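Here come two complexes built around subunit A, the first alongside subunit B, the second alongside subunit C.
Presenting the complex of A and B:
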């Protein structure tokens, strides 16, 4: 009886398990294996070597890109949190029906391809784009401003794509918070601001953490937006992975990919350590 | 009673949500140092009344006073009260000490004094030594005590209790009722207690307000409310009652004779005139049972429920079903069997007569 139930349980888990081992864990291990070799002009990889990692650690260009990647990602994170939280707070206070409509409306932009949206921003920010044409037409600027192909343009583009993830994550947690927490705080003499700082904000930590993680990981893996809005001057780590792949430097691409993964893990760990979503779990509803 | 003794006063308070009136024209006064229960079925407006005192809801009409101050337009955080919810609403990210210290901290009490106040409050609820725990590490009963400590540590003018014992099991609940009562008396706190549990209201309160459809049906001491209910609703909601419809057939100074299903019964304290239709309410424990030849209304035993200390008899009488409670130790209590023919009666003072609506 137990054996059969056990079998059933494994049966349910088996398909996703097989798929993830075959298509994710396996390739990842192979990628890591590749990253530990020299670049070869003819083969996928040459002999054993840590040259690819050494190049990343020693080359100021790579370090600059890594720093730029981190700064960009942190800027997107900070802006998404600062802009997203108040929106989420507002949405969470709406009546249930209006709230689901608002969340649906937030999902709506996600139905438009990132490529389309990136080119949309390019049309707005470009040298002959909407803004420069308007400013020039009004005589406010001497020549077109270099808005496009800048880190700011990348941040703006990513922000508009990723903001909904932040808002939805936080709004869902805020909406499911028992209003009695805030009422208990008020009864104890905390006004609206202190109630927010001492109670609502800490209790929304799970939403903040998942929003930050989603936005951060999607920022790291975004490519189109960065390529279109950043141009050749504002490359990020993903762009280098792509460049290495198209120039058939497979071990280099693999090493960069693992650097990216290490950054992702480190920052994710830092987010969890700072926001500590676990501290509000297990509370009675 | 002078106005100074009144900690909470509601004056003609009405609260409507859209077209629905949750509280209608409620006026009440809660004397200092007493426990006042708001009792009623769900949806009767008792919780809304409590939330109006707290300021979580604004009255549509009327005034709310706490310690003589009109707080109708004062936000909750500037009213002098604290609250214990059924769900406790302990802050999960704060330790027990931080939870209890939250009120003093918000009121600007310094760290040293705060530590002493927290320790005192935790000692009062017998949770000394639990300071560093988190709420999730405590049992339901312990969480309940923390919630209580958090509420009393600020020495509020009024302590609001929103079914605070509802989540506890029966044994723990009765234990907490006694403790709550002792704590309230020791500290001289004024408390408003919302409950749908009539036994709890009777046990805990100095005064009970029975609510129905947003109105207060009757206010009084537990004994008065139970023994002399003003309305049929109160008689039926607070404990069980047997109702008998009858007609007043004779009156004198001591009371009246009422005919119920062809059987005459004397009742004291009847205001209705001769010929009037009335309804008599008699508590099951006031009913007396006798053998088939004894005086009283004839009935047949339908079912007997053994409840330990009491035995409940469900009888079929000429005027409808009758419920009789007897102490287990009463002589002859255990001898009846279903199908037995009996007679039941009650003393003139042990029932209440309602005039028809």
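Presenting the complex of A and C:
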């Protein structure tokens, strides 16, 4: 009887496990294998070589793009945290029903395709867009401002697309905190600001960490947002991955993809080291 | 304290305006009677929706997206539910690794997954439709897995044990006890997987082909190559409308609080 039940349980897990290995882990291993080869004009890849990685490390253009990617991601993270934390704090304090509605208003835009939201920003920032029409109509500007196709437009687009992740992550942790911690601090004489800095903020570290991680990882792969709002002048690392694919330089695309993953891993590690979500033990209601 | 309160009110207003404004502008523009982008539009018309369904590539992309999302969400739900049933009452290192593996596509840069699948498909000669279905099933599976797992963990194990002690085998227990109790979680997982597939860009960017393009990719190529034709506003508004219907559906089935916690 127990043998049959075990068999049944393994039968349950076999399909998702096989699919995950065959279509997630396997292809990534193959991608890594391809990245260790030369670009070939006719085949997917040529002979063994580290040329693609060497090219990335040696070419100042790639280094410029990597630096720009990091600066953009950092700006998005900082803005998302500064704007997102107060919003999350406000949402967490709402009564249950209002809190659900406030979170739903953030969750709904996440479900709309990023291309629609990028198009919305293009319509707002474009030469004939909402802002230029309004400014021109008021007589404040002589001609349309070039707001689109700039690093600022990319930051704005990424920020607004990813901000809900930050707010939802932090709000969920704040809402599940036991209010007695803050009450205890205040009973011991701490003012609201000291209570926030020494009690609430450290206890919300897991929400801050997962918000930062989500926003950062999604920033790295948001190709369409970057292409629509940044144009050809504001390319980031993910744009170079795309460009290499379009020009059929598979090993180069693969090496760039793993460079992107290495950066993702390094920055995720740095976020965990700074925010230290693991220091919070319990604290939940 | 009032400065702090003012700053917080400003942050809340800025956040909601920034998040909602681009979507609102697109939806309003979709009803514009003008040839080019004018905001606010001088009147209301459905001409761009008519144009959307008149254009073969737009209508085709819409139907192709629907087909992909329906099948991929179903495959993702079967896989995610099976994984959740296996892991619901299991502990230990293997279970932790497995859970990490099943949830990984949520945070993994999907454009890299798209590239990896493209290379795999190129070497095995995979056609466009099944290739895209597999990709979206992998991307959608974590959503089904997570919502179903949450549903299972809220289930009283005594109910399943009662069925088994009365002589029901695992399959009968699943069909007669477990699934009827957790189907709202399974269904909302399916709806999430559908929504994700319907708006997915990063794997579809590499995996769609001529004549077999999803709606988001079609909108993207219009944005890049055809300028700002308002038919893409109509396409976007249809996307938004469909998602509103789906969210209303989830709300009816499991309630608002569950939607918000499922993410």
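One rule holds in what follows: the second predicted complex is superposed on the first by the 266 of 285 C-alpha atoms of A that agree within 3 Å, B and C clash if a C-alpha of one lies under 4 Å from a C-alpha of the other, contacts with A are read in each partner's own complex, and residues count from 1 in each chain.
Everything that follows uses one rule, which is that a residue touches a chain if its C-beta (ideal position, glycine included) is under 8 Å from a C-beta of that chain, and two chains touch if they have at least 3 such contacts.
From a predicted model like this one, the values you see are computed outputs, not experimental measurements.
Once subunit A is used to superpose the two complexes, subunit B occupies space next to subunit C without a clash.
Aligning the two complexes via chain A yields an angle of 90° at the C-alpha centre of subunit A, spanning the centres of subunit B and subunit C, rounded to a multiple of 10. Once the two complexes are laid over each other on the shared chain, residue contacts for A:214 go to subunit C alone; subunit B is not touched. Shared-chain residue A:130: touches subunit C; no touch with subunit B.
Look at A:154: by the touch rule set out above, it reaches neither subunit B nor subunit C.
In the superposition on chain A, contact of A:83 is made with subunit C only, not with subunit B. By the touch criterion defined above, A:188 lies against subunit B but remains apart from subunit C after alignment on the C-alpha atoms of chain A.
For subunit A, the partner touching the most residues, choosing from subunit B and subunit C, is C.
When the two structures are aligned on the shared chain, A:198 is found in touch with subunit B, with no touch to subunit C.
With chain A used as the common frame, the shortest Cα distance separating subunit B from subunit C works out to 14 Å. Residue overlap on subunit A between its contacts with subunit B in one complex and with subunit C in the other: 192. Considering their complex, residues 54, 56, 75-78, 81-83, 85, 87-93, 102-103, 106-107, 134-136, 143, 150-151, 154, 160 of subunit B touch subunit A. Per the touch definition, subunit A reaches subunit B in the complex via residues 178, 180-181, 183-192, 194-195, 198-199, 202-203, 205, 279-285. Of all the residues in subunit A, the ones that touch subunit C in their complex are 4-5, 8-9, 12-13, 15-17, 19-20, 23-28, 30-31, 34, 44, 82-84, 86-87, 89-90, 96, 99-101, 103-124, 126, 128-130, 133, 156, 159-160, 163-164, 167-168, 172, 192, 213-214, 217, 220-221, 223-224, 227-228, 238, 241-242, 245, 250, 253-254, 257, 260-261, 264.
Interface residues of subunit C, counted against subunit A in their complex, comprise 1, 7-8, 11-12, 14-16, 18-26, 29, 36-39, 78-80, 82-83, 85-87, 98, 101-102, 104-105, 107-113, 115-120, 122-123, 134-135, 137-138, 141, 145, 169-171, 195-196, 198-202, 205-206, 215-217, 219-220, 223-224, 228, 232-233, 236, 239-240, 243-244, 246-247, 256-257, 259-261, 263.
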